[in-house]
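Please read through the structure below; I'll follow up with questions.
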Amino acid sequence: MKIKPDKTILLITCPDQQGIVAKISSWLFNLHINIISMEEHVENSPAFFFMRVVTESNEFILSNEKLKNEINKFENEFYGKISIYHSKIKDNCAIFVTKEDLPLYDLLIKNQKNNFNYNIKMIVSNHEKLSNVAKQFNIPFYYFPVNSTNKLDLEPKIIQLMKSNNIDLIVLARYMQILSPNFIEQFEQKIINIHHGFLPAFKGGRPYHQAWKRGVKIIGATAHYVTNNLDEGPIITQDVIPINHTFSATEMIQAGKDIERRVLTHAVQAHTDKRIIVHEGRTIVFNR
Amino acid sequence: MKIKPDKTILLITCPDQQGIVAKISSWLFNLHINIISMEEHVENSPAFFFMRVVTESNEFILSNEKLKNEINKFENEFYGKISIYHSKIKDNCAIFVTKEDLPLYDLLIKNQKNNFNYNIKMIVSNHEKLSNVAKQFNIPFYYFPVNSTNKLDLEPKIIQLMKSNNIDLIVLARYMQILSPNFIEQFEQKIINIHHGFLPAFKGGRPYHQAWKRGVKIIGATAHYVTNNLDEGPIITQDVIPINHTFSATEMIQAGKDIERRVLTHAVQAHTDKRIIVHEGRTIVFNR
Amino acid sequence: MKIKPDKTILLITCPDQQGIVAKISSWLFNLHINIISMEEHVENSPAFFFMRVVTESNEFILSNEKLKNEINKFENEFYGKISIYHSKIKDNCAIFVTKEDLPLYDLLIKNQKNNFNYNIKMIVSNHEKLSNVAKQFNIPFYYFPVNSTNKLDLEPKIIQLMKSNNIDLIVLARYMQILSPNFIEQFEQKIINIHHGFLPAFKGGRPYHQAWKRGVKIIGATAHYVTNNLDEGPIITQDVIPINHTFSATEMIQAGKDIERRVLTHAVQAHTDKRIIVHEGRTIVFNR
Amino acid sequence: MKIKPDKTILLITCPDQQGIVAKISSWLFNLHINIISMEEHVENSPAFFFMRVVTESNEFILSNEKLKNEINKFENEFYGKISIYHSKIKDNCAIFVTKEDLPLYDLLIKNQKNNFNYNIKMIVSNHEKLSNVAKQFNIPFYYFPVNSTNKLDLEPKIIQLMKSNNIDLIVLARYMQILSPNFIEQFEQKIINIHHGFLPAFKGGRPYHQAWKRGVKIIGATAHYVTNNLDEGPIITQDVIPINHTFSATEMIQAGKDIERRVLTHAVQAHTDKRIIVHEGRTIVFNR
């Protein structure tokens, strides 16, 4: 929503030191690249600097040798890292689902409206139920009947499917299978999961039943990058709603679906807008 | 806030069965007691019935023999329990503090404005710092230098102080000592604590530092009854605020104080309005 | 969400007086109708009593003569009104749209999942754009090219379409034509509109542009019953999100769509769950 | 909360043009002033640029001739305006009240804890009721029995009191008198008011009674700078809480007090942190 066409985005990470902002803004100025917005963040102990710069420039900037040189020089001089993206080059996205359709619908609707910086290339599922939703939106549907026994046989085929379609982002939209460590390693910070609980409160299964027993007065959902530490990956977005004693566990599940959908959609939007830097297991999520 | 003078409140708990509402409303009608509002809640497996009834009646109703008879009959017939309160008879309250003054101030201000159904009889502290706040509001301040070694010596004196002042409710407003099991047993469901974290996510100490490390996007606070299971007592109220990566752990603490105050105040108000029933470790908190 | 099959709902309105609750619960008890939940509300000056009772009973209760008699007696004795509904008999619903698809999608998804107490019978539009969405969900789509000059010619045909399909509820999901007074009168309290502003702050057109100019920090949406007083009908649900100076009017519109959808869906749910009583231009919206 | 001692803050406004960020960050770098954080905002039609820069520097920087020169050069070259502040130099603040004590208490508590970048120099009131609160916190209390007939006689004395105490900020904490145009002109963007309604929904008096009649489901409060357009000054902060039909107008007032306090406190904090730029009747409120 925030990014108009023809913008270049730089994500910059480096140990903090004096003069970084001046340095970066000067070489952009000297290359006649106009800064539209910049947002920075500094952390202490150890001091680290993070910045997102949005500039006005066409996509050819990505192969501009002068810019590449400046980035190289900066990375060497400041021991930093700069990632560069262009708004015209959208992420190829695969949505993994099982039976729950609400978050899937939301991503498909936004895709169809062309609201977001991604193209949904396919839906992957371990269950056939949602093939009709894929048909409604005319998106290829791949059925892999993954379970705990055949997982290691089927995953290589799924990985192959991802690679041959140049998938940049995998969204687990209530996909009810745990990916193997091997799978996850090949898509580091490229898999987003929605956890139907307010992490880290209720890790693992049946979080709403846990929540009901404790009589919590607020329930939430968490979108996070997937790592091999189950439900421990860097948190991207969270949201909550107030509940009360009148909610049964089932009603909490129902009420939670709306937050899960909202939280996952926001996380995918932040990721594909190139607004996220992950550092030491935490996310920095820039505003725009 | 919701209770005007001269109201009688009945809190009713019993195994669920047909005709309970008709039964209760009939004998109240027959005793010429006008129902102002009633709110009920039913739970399944096992089926339990809970109701709060507010009636228009003066405080003499509490010693009305006919009413007592009906209550006895109901309790026997339905295997239930009815607690009865009158709005003119306010809870005597002791506030326990250490160094944090924000929630203390809020309770004192509301007490001074006579907004709530309690009278603050005293402030108890293991530290002298807040004696000046006590002075500002002209409330007796008792200093007991409790620490882990002298706790068992000092607690009997504190308990004695509570009993001799007919204290109905103890509010731990950021009191930094853990009460002994013996203390807690003598004030079952009469001690409210504010936990400066969103339980059950971050039990134990330094919840904000835990939250910072996980990069959470929402922080919260929880008011709960104190039981001998540390931070596991029945949750009364919870609230949250959104945060982001720019908050240091210290800034999260600062931002959290406002929620802690709000959550504790709401919990004390719900308790003293007689809007809470505790059942199987969960609270039912009626609206009014 | 809250209503399971085979429930009967009574909505009761009458001038307040002593003994109403006892009266109602007694005759239900005598008819062997089990009360699952009851929620009441009282207003002063003048004193009015409102109650929603949910009972366990099959749909034949609607034609039970004894119940009809009791209701008649009650209405005469207490000058009240009782409406009775059964959960198996769902509202027939028509959705009116123009070009915006987000709230339409949400209602269709919930309809397809059979989550709500309505059946969407048709989509009506003054524009052809959303016919493909109708096709996606296999719902009849009626195109009436309504504009200000032909409105009085076309509306009778639309009204005829509603009547011949026994439409119980019309949902204006961003329908960009104002209905004539004649149309509205024929569907009193049966038309729900979503206003893309936080009423009554920004009545009329372009509310987000108005909001931007004033630099508001919160935007919202309002679902309300349609009356002949434009944007003045009884408010059903409202919700808001925080914004800030970085949002352009266009971005506010984008951000607002999510709340509009949520607010409209909640309003339709409350209406079809039979949780709403309208009294003197205000709504009483019961919890469940 | 966000500003530690020994920070210099620059608020920059100018017509937008290429290279502004590079320009500013370069001369700060050349003056050996370390940027801690910078946050910018750009508006279109016409294009305007706004930035807040926080630098590490002691208070002597304010009289540094080289910096003054650079600022002058920038203002001339870019047709801009730079305001400069130092965190050690706190705003002198006067609180105007009538009878409501809740927001006053909050400002006094924060002042006593030295949390904020202001010193409360005095409380001014048109009523004697809150003199005891002033006494509790040992702050001078000035009583001016202002009413509509004597206002023009008394205001010059109040203005004189402000000037002789070098008051930088006047906070109207539920002060129930309207200031004259002459008064307001002398303190442009230096008077903050809390309006106990969600502006612009309910301007003028008795906003909660207006809200009750319309049956709104959300109530709010608004802090804004005072201009001669009653309740139309630039909005600084807003917040809301959900309500429902069970709230009487009086209960809405009670529930609203908590938001009013919160909203006013946040506005005063933003102002005294030097996080606000006013432009064309709208505020830009930087995050930190």
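Letters A, B, C and D mark the chains as written, and numbering starts fresh at 1 in each.
Everything that follows uses one rule, which is that contacts are C-beta pairs under 8 Å (C-beta built on N, C-alpha and C of every residue); 3 or more make two chains touch, one makes a residue touch a chain.
Since this is a predicted model, take the numbers as computed values, not measurements.
Visitor: Using C-alpha centroids, which chain lies at the maximum separation from chain D?
Guide: Max centre-to-centre separation from chain D belongs to C.
Visitor: Taking each chain's centre as the mean position of its Cα atoms, how many Å separate chain A from chain D?
Guide: 38
Visitor: I'd like the Å distance between the centres of chain A and chain B, where a centre is the mean of that chain's Cα atoms.
Guide: So the centre of chain A lies 41 Å away from the centre of chain B.
Visitor: For chain D, write out the residues touching at least two other chains, lowest number first.
Guide: Residues 41, 246 of chain D each touch two or more of the other chains.
Visitor: Using the contact definition from the top, classify how the chains connect: line, ring, star, complete or other.
Guide: complete
Visitor: If we count contacts the way the header does, which residues on chain D are in touch with chain B in the complex?
Guide: For this pair, the touching residues of chain D are 1-2, 101-102, 105, 109, 113, 115, 136-137, 246, 251, 254-255, 258, 262, 287-288.
Visitor: Looking at the complex, which residues from chain B come into contact with chain C?
Guide: 18-19, 21-22, 25-26, 28-29, 34-42
Visitor: Sort out for me which residues of chain D touch chain C in the complex.
Guide: Listed in rising order, the residues of chain D that touch chain C are 41, 44, 198-202, 212-218, 220, 234-240, 244-246, 248, 281-285.
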